[in-house]
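The same subunit A turns up in both complexes below, where it pairs with subunit B and then with subunit C.
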Partner chain A sequence: MSVKERDPLTGHQTTGHEWNGITELNTPVPTAIWWFILVSHVYAVIAWILLPAWPGINDYTKGILGVDQRAQVERQVTDLRQSRAEWRGRIAALPVAEIRADPDLAGMVAEAGPALFGDNCAACHGISGRGGPGYPSLVDDAWLWGGDPEAVMETLRVGINSDHPDTRYAEMLAFDGLLSRDEIRIVADYVQSLSGLDTAAAPDRLAEGEEMFLDNCSSCHGEDATGNIDLGAPNLTDDHWIYGGDDKAIFTTILNGRQGWMPAWEDRLDTADRKLLTAYLEQLKEAAQ
Partner chain B sequence: MITRFTIAERQASLVLLLLMTLAGLAMAAAGAGDAMGVHGFIVLFASLGLIFVVGGALYDPAPTEDRSRAYYDDPIKVGIVLAMIWAVIAMGVGDWVAWMLAFPDLRFDGAWSGFGRMRPVHTTGIIFGFGGNALIATSFHVMQRTCRARLAGQIAPWFVILGYNLFVVMAVTGYMMGVTQSKEYAEAEWYADIWLVIVWVVYFVLYLRTLARRNEPHIYVANWYYMAFILVVAVLHIVNNLAVPASFTAAKSYSLFSGVQDAMTQWWYGHNAVAFFLTSGFLGMLYYYLPKRANRPIYSYRLSILSFWGITFFYIWVGSHHLHYTALPHWVQTLGMTFSVMLLVPSWASAGNALMTLNGAWHKVRDDATLRFMFVAAVFYGLSTFEGSFLAIRPVNSLSHYTDWTVAHVHAGAMGWVALITFGAIYAAVPMIWRRETMYSWKMVEWHFWLALAGTLIYVFAMWNSGIVQGLMWRTYTEGGTLRYSFLDTMIAMHPYYIARGIGGLLFLAGAVIGFINIWMTIRAVGSDSKVLDVPTESEAGEPAVPVAE
Partner chain C sequence: MIGWLKKLYYPIQAGHYRLEKHSIGLTIGIICAAMIGGFVEIAPLFTIDETVEDAPDMRLYTPLEQAGRDIYVREGCYACHSQMIRTLADEVDRYGPYSLAVESKYDHPMLWGSKRTGPDLARLGGKYSDDWHVAHLIDPRAVVPESVMPHYAFLADAPLDTASLPARLTALRRVGVPYSDAMIANADRDAAGQAQPDSDGADGVFDRYGDATQVRRFDGKAGRVTEMDALVAYLQILGKLTDAAHQMETAGMTPETEAAQ
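== the complex of A and B ==
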């Protein structure tokens, strides 16, 4: 068994063991390996001396650099806050129109806006603010609660149907049961006709629809159906639709009602952030036009 | 296969299976309405099926030969086939979820098919289904051949192979039903974990008993590694899964650990699963099949000792590098970082030992895809251990952590190292175990090799790019001190790389399917001279004879 042989290729001896035809050479560990071991261990020892490393009973070695990740993080956060404090203070203090007029601040809005909007608003309203089914576009002229900067700031602060105590509150009733399905279809035709959509409905049907509209819908949407921004009731005479303007979508909206939801941002974004978003929205609007 | 059992062994198996049937029935009844009930039925039907298999052969003639004079290869055959089945399933799921990340609609709105459920199906199916079966099967093969002794026990090897697969089936079906412990690579719930402990202890005892009856004076290196794999995985699995079941009739438990201790325990487990499951075990494979196939002596026994103890000692410290810049105390992070760097040398010593062993056999590497699988695996082992130590350095980690760079690193190791060494080992083992002269088609092995290599490279390069782009975008600030990019921006930037990843995975999967067909055809082929290969035998059952001492 234990017969040491010399490998003709390398000139090294085997260990003399053999397992199912496998043998091993007794080659010494290459010197380079010892050097690498030395280097990696020296690196480790230096790191242990410099940094917090080894635990004791009640404490640990602090390292001569006195580094501590918690202190580092706190310092970095403070530094970053300070570096932003000046321009953010001005944004918080000035009205949106003046921010937009100031080239420096407008530049900051253009620079910081996309990430802030992308991380907080784009999931629903889209990265360019155009919205989508169920989520209103922010770059058109149709606004449920008003599109001037003060109104937008307020909507951002309290949300819509949110859990904020001052939340904006709106609900489109479900007319299932209040109106028959046929009646709902008639009203839907009328609503479509308000926006100039081709409904192919007979004039007397539209007249019937108008009557029902005045009885059931006008208290919120107004007799002329142009909506009411105090109630968050949309204008039905334009061609902007959150949930869709086809027969089926309007029918579903009237039948089941709607109650959109937008979170309140007061606890999550401070005044400067919310104002920055409002100003950025104006820039998005310009870009969209 | 049952005919190799004595009548008493068949009866003992039946009793064991009846007990399992009862356990399955109890789980099905008690856990009705819960995932545990479904698992009860799986246990019930699996053991009933086996009762028919064993019961049907109960009165067949008993074996007349002295079984201890032959190797026991039947469980290995089943293990290899199961490993390949899991490979195809889990790589398929992996590629599906890769495409799902690029095109989210591919989940088809099922609750079971969400990324959060299918991803652990992929990881568990690959690591434990493919990797685990391959490790168990090859460990049975290597330990018998290098100990010159038959497996210690007739039932135990079957219990280990089949019981282990029952665990994997319970794990992956559980995930699809929403069962999880929320511990990465240890998602399976408490009763599956307890079952795995039982299976694993039987495996460990089987291994020790086989080593104890060895006919070689020394224990071969491969067995050190397999042994480390079995022992440490048992310790890791038990400690990390310590939990209190919320109810004994449902699949829900609460971990014994909480907060940062829980995180540290999890990554001590997680990283040592990489170390002792995905490294030690597969190094055992490398140490047998590579020198065997190359027909060269191991380059250096001394280097083997150095790297084995280096890997075993250093790895166990480094789990904390998964938790850099977290609530974990700074000093634990420093230790994890420094030990990771010291770990590099023994890791490279292993890779170097494998590559230097090929000196004198490079013409075989060129000509033989099976050996080339093992050569490339050793290269990827070296690359990914270097990358691992590099990523463990805190400032580097601050860029790479939570990005696709980690995914690239894991797959360089999992595809490039673990899967390639396994395919190499399987292609070397299949002809030996089924007693064929060669694989059914060497061209298919070549195709598999090049598809696997191309798939790995495309995958890894795509994820490197994606990860570094992602990490840099996350840390880019504007002049005003605000973040430049939103999360959405990074998603858009990653999209093309995700498509590339899906293509890479598809190539890798195609290779595995070709491999599976090739192995299947090899099994079905008639051996040209079934008595002469591997170890000659006169055994009527065709079991290879244990060579007697010279």
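== the complex of A and C ==
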């Protein structure tokens, strides 16, 4: 086992190990690797000096550049907010009608609206605001709590049945037990007849349904069933249905009750964001028509 | 040109060459190298009290939320969703204040992640309704047409295993989560109570975990407690165990920015 043995073909030294006549070359480390070692050593020394590097007992070396990711991101976010402060301040201060009349601000709403709406509202109400089963459309003229900008702003701020102290609160009672299932079917037929949905119900059945409606439902939905936006009670005479207007859906709604839930956005979105969304909603409505 | 660097390493190379031929010497060398690596990993833990922020308002996961967390891990949600908002301006702009270490204080294992096929979930709690979460888990495309998330409809029919919760909480206490004896003893009752607001069990949840605890029918159905209840309860508490991150954000803001808000 001679370490000094040379391989006749390549001229390299061998390691001196031999397995059935096969020997291992002891090739030197390639120069490229040495360069790599040199560059990474130099980089490490520079980085130790400039950047936070070595841990101490209670602290660490901060580096002469004073880089601090938290301070950095706070500065960037502050800059970002500063750069938007001017137009966002105007949006927060002006009424929606004036925002829509101002071409600059309307442009900002059109630009920032889709991202804000897409991230926060579209999950339930859909990207174009048309809603879906269980989630109301925002682009029709049927509103539970009022569709003028002030009402929409307030709903965005406090939510519906949310954990906000000023939340809008509404609950459709479950009539399971209060009315028999047959009675619920009769009321359901009457409710369908209100909006002109095709029902084959006999007139005396509808009269019975109307009587039960007046006894049980009219305190919230009104005697003429057109709803009450102060109570968040929907209009039952139009053709807008959040949970569906077919027999089964109305039966389920009366039997089990309904209680929609919209988050309060006061903590997540500031006044300018909520005003911007309200203005963007007007643009969505226009697009839907 | 680089020969001087090679020469610098000759003594090390020569020493190593000799060391490789002595099995005990090599073993001791390997142990020493591993010790250095271990020390670098362990040493920062000695000063963890000084490097991790303090959050006196930090609350524990309730048994139901912890069960939901276990389902989150079991179903591999972490493979597509991270739970850590990085210290980057665009992340803070979209998701809210960046995540603090203290917010993961009771997470075993932590689920920070770095893969985002779906969005980050660190500040998800309270953003959407329970109904939405249920509808979305049953069929993601019903509410988000462009979603590529698999559906988890079976969770709505799977009864939650609450019997093992005392043992799971005990395991968490061993690794430092301060569950009390009463919390552990009542873990299965509390899990059921949190999803059944009208039951006697709900009072115990408020007693042990605070009045701000969310007690609801998370899956929208009365009766038995399902895995859907647990997972939705967990999703609705994400980012809401402590307010520390929001307080820090407010403290870091300049007066002008606050005025602009």
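Basically, the second predicted complex is superposed on the first by the 265 of 289 C-alpha atoms of A that agree within 3 Å, B and C clash if a C-alpha of one lies under 4 Å from a C-alpha of the other, contacts with A are read in each partner's own complex, and residues count from 1 in each chain.
Just so it is clear, contacts are C-beta pairs under 8 Å (C-beta built on N, C-alpha and C of every residue); 3 or more make two chains touch, one makes a residue touch a chain.
None of the values given here were measured: they were computed from a predicted structure.
Enquirer: Where does A:124 make contact in the superposed view: on subunit B (first), on subunit C (second), on both, or on neither?
Expert: Touch partner of A:124: subunit C, not subunit B.
Enquirer: Report for A:9: first if it touches subunit B alone, second if subunit C alone, otherwise both or neither.
Expert: After superposition on chain A, A:9 lies in contact with subunit B alone.
Enquirer: Quick one: classify A:268 as touching subunit B (first), subunit C (second), both or neither.
Expert: second
Enquirer: Applying the document's definition of touch, where does A:163 land relative to subunit B and subunit C: first, second, both, or neither?
Expert: It touches subunit C, and subunit B stays clear.
Enquirer: On the superposed three-chain arrangement, identify whether subunit B or subunit C touches more subunit A residues.
Expert: After superposition, B is the partner touching more of subunit A.
Enquirer: Looking at the overlay, does A:19 come into contact with subunit B only (first), subunit C only (second), both, or neither?
Expert: Only subunit B is touched by A:19; subunit C is not.
Enquirer: Using the superposition on chain A described above, determine whether A:52 touches subunit B (first), subunit C (second), both, or neither.
Expert: After superposition on chain A, A:52 lies in contact with subunit B alone.
Enquirer: Same subunit A residues contacting subunit B and subunit C, which ones?
Expert: 29, 37, 55, 69-70, 80, 84, 119, 122-123, 127
Enquirer: Can you list the residues on subunit C that touch subunit A in the complex?
Expert: 2, 5-6, 43-44, 47, 50, 87-89, 92-94, 96, 98, 126-132, 135-136, 142-145, 214, 246, 252-254, 256-257, 260-261
Enquirer: Going by the contact rule set out above, which residues of subunit A touch subunit B in the complex?
Expert: 1-2, 7, 9-10, 12, 14-15, 17, 19-30, 33, 36-37, 40-41, 43-44, 47-48, 51-55, 60-61, 63, 67-70, 80, 83-84, 87, 108, 111-112, 114-119, 122-123, 127
Enquirer: Can you name the residues of subunit A that touch subunit C in the complex?
Expert: Touching subunit C from subunit A are residues 29, 31, 34-35, 37-38, 55, 57-58, 69-70, 72-74, 76-78, 80-82, 84-85, 88-89, 119-120, 122-124, 127, 132-135, 163, 260-263, 267-268, 270-272.
Enquirer: Taking the complex as given, what residues does subunit B use to touch subunit A?
Expert: 145-146, 148, 216-218, 220-221, 288, 291-292, 295, 297-304, 306, 325, 329-331, 333-335, 337-339, 341-342, 344-345, 348-349, 352, 356, 359-360, 478-489, 549-550
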